[in-house]
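One chain, chain A, links the two complexes that follow: it is found with chain B in the first and with chain C in the second.
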Partner chain A sequence: MKLLTLSQLRFFRLAPWSTLTVLLGVTLAVSSIVAVHQISQRVVVSLASVTPPQLAGVTHQLSRADLTMADYFQLRARWRAGELEGVSALMPIVEGSVEAGRLLGVDAFSGVPAALGLALLLPDQVLAGETSGRVAGERILAAGGSLEVARLVPGLPENLLVTDIGTAQVALGRSDDALDAIGVVVRAPSQRLIDWLDRLMPGFSAGIGFQTLDIPGWTVTEAAASEPTLAFSRSVLFNLGALGSLALVVAWLLVYQVSVIWLRRRAMTLKRLRQMGVSEAELRRVFLLNLLLLGLVSSGLGILLGDWLAGGLAGIATGFSDALPTVSVDHWLFLKATGSAVLVCLVGGWLACRREADPAAGKWPFRLVWLGLLVAGIYGLLFDGSLLGGFAAIAAAGVLTLVAIPRVLGGLKRLAVRPATRYVARRGLLARIGLREMLWHPGDLSVAIGALVLALATSVAMALMVDSFRLDFEAMLDQRVVHDVFVRGERDQNLNELADRLQALPGVSRVQRYGRADRTFSGRRVVVGFTRFDAREGGRYGLDGTLPQGQALVSERLARDLALAPGDVIELEAMAFPIAAVFPGYGDSTLRLILDDADAARIGLSLRYDRLSIDADDEAGVVAAVAQAAPDLEVQVRSSIRAEALKIFDQTFAITRALTLLALIVASVGLYNALLALELLQQPARRLLHSMGTTPLEQRLVAAYRVVGVGLTALLLALPLGLVMGWLLCAVINPRAFGWSLSLALSPGSFVWPVLSAMLAMLVVGLAPLPSEEAGEGGALEAGAFDGPA
Partner chain B sequence: MSPVLSVRSLGKAFLDGDVQRAVLEDLDLDLGGGEVLALMGPSGSGKSTLLNLLAGLLRPDAGSIVLTLADGPQILTDLSELKLTRLRRRQIGYVFQFFNLVPTLTVRENVLLPLELNDLAHLAGEALDRLAALGLAERMDDFPGHLSGGERQRTAIARAMAHRPRLVLADEPTGNLDAQTATQVAQRLIGEVRSLSSGLVMATHSEQIADLADRVLRLDKLTA
Partner chain C sequence: MVRLEQVSLGRARLRLASLVMAMLAQFGCAETPDESPLSGGQLRLGSVLGETALAGFARADAPRRFEFPADHGPHPAFRSEWWYLTLVLADESGRDVGVQFTLFRQALSAADIPADNRWQSNQIYLAHFAVTDTATGVHQADERFARGHPSLVGVRAEPFRLWLEDWRLEEVGEVWRLQADAGEARVEIDLDMAVRIVLQGESGLSRKGPGQASYYYSMPGIPAAGRIWMDGEPRAVRGLGWLDREWSTSLLSDGQVGWDWFALQLDDGRRLMAFQLRRRDGARDPYDQGMLVGADGVARPLEASDFTLLPTRYWRDSDGTDWPVAWRIRLGQEVLDVVAVLDDQRMATSIRYWEGMVAVLDDEGRRLGQGYLELTGYDGAVDE
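Right, the complex of A and B next:
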């Protein structure tokens, strides 16, 4: 075995370029995985800091009409009796709005982890976050009396106050029996697996989207659903994870293709070894062992590159998160990096060995995979509403295209070999040689073309999705940002007085006031916004006129989560509000309900306004007046809001662009490798052409025609696939992941970047030298591949 | 007989490890139009090297090679790489033992290729007629992979003669054929060369094929 291993290792030295391309390809793929992991970890750490620690372990919330402590104790008794399988803790929750924001009352003795020492609080005391701007001892007004901030704790969101359940009931004016929800910690075996997978692939649970808890008589809500920001971010992580895996898939195709080439180039040596009595299994083991070594080296390099990449990308994409914390390299990262590289190398190599040993046998794993994905894709698209199902549909579309590639190449070959002297253009034979060389071995080149098609199609799909998103986003800006100046205060701030003063300024024609309060519907936290409606304000939400009193507007996200539609009635503080319209969210993950001022007052909301919009002839004068009156307020003029919003939008998608570019580079490396192998195979033809007097330029021309043929074929397949994937992203993934739909816009600009990328990749691959060092142990002559049947 | 080729004091050596090994030394050679010269000698005696030198695929270490064309003599050893390539394209036809044909072109396209490279489309009819005369009329739209060894060599002859080259070089053109087919192919090649009054230099191991030539040059006697 030692000598066999040595022989294989020395072969790598004989084939330095293809070895390097495998190292580069797998390294880039691992770096993509590592970069996504590091960015995800940063987001996870960032999210953890805005999640109430008491609720950090809560996986679900239970609710029902007129929930009381008696219901809680009854449920607790059932749990103690072992009826609630998988539930490891229960916690009663009281939640409501106070002057200072949101008040959360929990039971300090419930057994839920991460208590903050609530038991030490006196009856009227609360805890506030360190970033809340409050001070210990400060008193806060509530419906049932005042509360005292006992101390500030790290990690609490700035507008959240936490206290014991009894204090919350009193402060919110509830009876000492009333509850809003019961927090549940589920630790079923599947939940543990999901938690584990969530660690491995941040956001994974967002992709599954099904409830793992079912208790008859109770409405069960996943904890993430009550925290829209959390759910949104996890969906982003899932999408990033899926995109980061693309380079890995492309690298797998690269390893498979290079392995096939290597095995063919070693065919004579391997044949001799078999004749000497070396078994097929031993040869395969040695081959895989060497690939494993390459994988391990690549994983080390990928970790270094990926960590660096993550730092750069997190810096660029500040729109994704303003201040992402830095994270250290953890064991999960090593596991993912090494696992990815090893898996890609071993599976790619093993499949190549199977194919070369028995071409017919080598096809069944592929058939199994693509058939499985096809079924999963159809099921995911039509019958399963989860994000994972949506991605299964995308994967199925990709795999179907991959499967079609050899057939397409075969069809092109049949077209190309037809006797066609009539249409052979003058000087067309060199072009014909190049194009036919590309089609002559469709089984070999189709893998490289497939990888390129996947990367390009993803690039097209992402561009389509981002452009569609951008158009919708701009439409939203046009619709919503209609006023000249915007003033934003703190959440509990009241800008009424300032509004009156601004209204009195010369040239100010209108001051629109906006307020908001938090409410809970079916276990979900909803922001109830209110303002004085007229036709102009109604237009901001897409209404033809004003919002009729007694009716409400709901955001697309809220409508989706609660299955609401115009005409449905929602109940708020015992008052019924028919839904006048659903307004598009345009990327806003918050669950929103909008009322007219009068209705907000009728349900007992305090009409405090923390945001103002002003129409004025003299924008600068308004800005100066606000700055003088209240220097702490955030003031923006319409043009700067638009520019800033679009800038943040573009930055947000920098990560996705970088990841698709990475996959495209890996695919180009794979293509270079395939063309290198093809060039080696065509060496006798090159020598023949040289002897016939073709110049080096003409020889390069033949190679260029080949590359152009590959590029055009890849584009031919990638564009329709990209369109399908783009539609799936807009119509399936976005609604499932983020709760808003996008209208697919087929702007020519969406295709420019991917097509330019493809052309650039082709140019680089076409111009890259095809080194003579890559001789291997026996080229085309020994393999007998030359002059093969057409 | 008009002169086609004149070689004087030709020498070529290759580096074998650290040692320069002379393959050809002080070789003189003349060839007239329609004349056939057979090169014989054991493997490594320099037959292929001489053919490659005559085709301008290799540069000699010493001596000169002069090809006499309609517009005067051309000293190959004085030409730049590009001019040599152009000269080879227009004035030389080459037939090898293996891999004579571009596998991705049909028989017809292989034969038309030198015409396209030399902008000699008017010779297409003649070239295809020659191909038919060589017994390949029914195989014109087939690819080389579907041809027998003899058919491939006949196609190679048709391709080598298509652009009416001044000099034809053949490196073991019948080496992989059975004796009967080999003789037929060699006779075809010689017949075509003579009909065009070109010169033919043909390396062979076969005494039977060499007997068809006007002259035989045994290279093993020339090397040190």
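Right, the complex of A and C next:
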């Protein structure tokens, strides 16, 4: 065993370039996984403060129309009777807005352990966050009197006050029968598995849309879904995780391909070892053991590179660009890095061993995988509305393309001997030789081409999606950002007086006031916005005229979450509001419902306005006037808002571009490796060409033609696949992940970057040296068996 | 006829302590380990609940006239109160079954609460329920918290009804019926409450120390019969129950690290309660006491010098804590060996303690009776 191991290690030394390509490819793939993990952890840490600590552990929220405490007690009785399987605690929740912010009331003794932190609160006492700017003992106003800040607690969002449920009901002027939702702690085995998978891949639960709780007659909402920011962020994390895995898939193809090549190059040695009595199992074990060693080395390097990469990318992470907390290297990171590297190496190596032992048997795992993915993709696209289903459809499209590659190469091979290709032939013997070498080895090159196709197609798809998104986003900005100056106050501020003063300034033609309040619909927190509507304001939301009184506008995300459409009726404080229109809110995680001022007053909202929009001839004068009257307010002019929004938009996709680039690099490394092996195989032919008088430059030209052929073939397949994936991203992934739909725009620019990337990769691979020392044991002679049954 | 007996105060302390500890452990009030009320197993309630918390509550400072059934109900003018029921039972095959059911009440403040919001009760409740089944070798325990919302929890004197959601101890015809469940375990036991009520301490005033006391009565030897479900199938059980009732506003003193408490129902009709408070300084606490009620109903108070409690075997749990699960009690010339029917009868609750069913044997291993043992303040291995 020791001798066999040394023999294999010696082979790695004799084949340094292909060994290095494996190390590099797997390292880059691991770094992709590590970078996504580290960025995700930073996001998770920053999101932790979104959930009040008193609700920690609550996995779902229950709601239904006309919810009262009687419903809660009945449900508790059913739970105690054992009817709600997997539920370990229930907790009543009352929430609403007081002048000081959002007030959340829960029953400390309901059985949710985290809520016990409220147990010592006396009536009229509340907890505030350490970052709220409040002090213990301070009294704050509420509708039902005043509340005392009992103490400050870490982790509580700054705008949130948490208190006992009775105190909340009194402060909100509601009866002790009032109830907004029921928090549920589910500890079913499936929930535990999902929690674990969420740790392994942040955002996983947002992706699968799998409901672990179903109670007839109740609307069940995952806790994360009830908090729009959380739901949005987890979808982002899932998308990042999926994209981060791309490099891993490409690396797996690389390892498989290299393993096949290595096994063939060692065929003679292995044959001798078998003749000496070494069993097949031992040979395979040693081979896999050495691949494992490479995987472990790669995982270590990948951790270092990925952590560095994460640090660079975190600052421009989408939606969290302000101040992402730093995170330490944890055991999950090691688990993911080592696990993915080992998995890629062992599975790739094992499949290669199987294929070499029995070419027919070696194909069944692939067939099984692609058939399974095909079924999952069709199901995910047509029948399953989850994010995971959407990604399954993308994976299925990718796998279908991979499966088609050998057939495409076979078709090109047949074309190569037909008259249609005479044009190429006429360009010279060298081109013909180069292209023929590419086409005559489809069994091996197809894996490298497949990896490149996947990376390129993803790049095309991402570019298509981003460009489409940007066009829609700009259209939204054009529609929505119509005023000259924007003033934003704190949530509990009232800018009415300032609005009156601004209105009196010379050159100010209009001051539009905006207010908002929090409400809960079907377990989801919704911001109810209100303003005075006219035709111009209606136009901001895509209406032809004003918003008729008694009607409401809803954001696309809210409409999707609650399955609402124009004409549907939404009930607010016992009043019915038909939905006039659904408006887009790209980049906005908040669920929004917009009313006219008069309707807001009718449902009892206090008409306090914390934001203003001003039309003025003299923008600078208005900005100066606001700065003088209220220096703490945030003031922006239209041009700066637009520029800032687009800047954030572009930063948002920096991570996705980086991850795609990583996958592309890994694919290029794989391609280089395949070409390197091909070059070694062709050494006898090269010697023949040399003896016929070709120069080294002409021999390099042969290689260049081969690379161009590979690049063109990859592009031929990647472009349509990228188009399909781009459509899936716009029409399936975005609505499922974020609640907004995008119109796919086929801008030429979307293809430029991926094509340039492909050409650059080809150029690098074509110009890269193909070292003679890579001949390895047996050299080209042993490599004669390289291509096998093509 | 009501008999007045002088009885210990230790058990009252431990139960009050348990309740407050359970919640404080969750509150995160303690800033440092040294300030934790659970630090080193010590009971340092005074450091957490200042005297101001006691202002406005009624105090147990003089003997009072007990009135039944009214005193079976709650006494909200006092800060703390509990209903503590233990049952030693056997099924038709003679296999032992133990049941513990406890409801603690604690007031957060003495201030009057507006009655128009039922959630704003300043009364909070904690219930513990546990079953020890020697047939299956299972000790199943659970706990519940609730605030004093009438739809969740409460106690009523007449007809007697105590409930925390579907855990109930209530008067049904001639008996009180206990219904509770924990995991797979469920019990439905009828209790014949027509037994002697024993007023503890000085006519029911149980002194805890200088200026500290509680009102305290017990009902030992309650005939009990019913059914138990451990694996879905009901089994008939029969045996004896013991109800303790106590309410107070007093606090514990410093210096105690835990206690060992015994309530034994002997087959010859005698009932024995004995406890020792383990002090940090190793000295025997002057309030270590006991009571021996004879088969004829005559009770004899026991002072510390009347008995000794000596652990004879420890069981080490997975956390490395050694629990003394076998004891030798010397009561004058009489020797009683007390052995846990199951070693692991730790309470899987917010409070870390051991409470379980024990068998009472003579020095030759013959059974003399059954009972309950409570152990607190053990959080480390015993030095061998």
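Some observations on this one:
As a convention for this text, the second predicted complex is superposed on the first by the 761 of 790 C-alpha atoms of A that agree within 3 Å, B and C clash if a C-alpha of one lies under 4 Å from a C-alpha of the other, contacts with A are read in each partner's own complex, and residues count from 1 in each chain.
Quick note on the criterion: a contact is a pair of C-beta atoms (placed from the backbone, for glycine too) under 8 Å apart; a residue touches a chain by one contact, two chains touch by 3 or more.
These numbers were taken from a predicted model, which means no experiment stands behind them.
Of the two partner chains, chain C is the only one touched by A:Ala77; chain B is not. Using the contact criterion defined above for the overlaid structures, shared-chain residue A:Gln169 touches chain C, although it does not reach chain B. In the superposition on chain A, contact of A:Gly693 is made with chain B only, not with chain C. Contacts of A:Gly411 after superposition on the shared chain: neither chain B nor chain C is touched. Of the two partner chains placed around the shared chain by superposition, neither chain B nor chain C is touched by A:Gly145.
Of the two partner chains placed by superposition, only chain C is touched by A:Pro123; chain B is not. Of the two partner chains placed by the overlay, only chain C lies in contact with A:Asp107; chain B stays clear of it.
Annotation: chain A has no residue touching chain B in one complex and chain C in the other.
Chain C makes touch with chain A in their complex at residues 23, 26-29, 108-109, 111, 113-114, 116-122, 124-125, 144-147, 151-152, 165-166.
Touching chain A in their complex are the following residues of chain B: 55, 57, 82, 85-90, 92, 94, 96, 98-106, 108-109, 112-114, 116-117, 121, 140-146, 152.
Taken in their complex, chain A has these residues touching chain B: 417, 419, 421, 424, 426-430, 432-433, 436-437, 440, 684-685, 687-695, 698, 786-790.
For chain A in complex with chain C, the touching residues are 69, 73, 76-77, 80-81, 107-111, 113, 116-117, 119-120, 122-123, 164-167, 169-170, 175-176.
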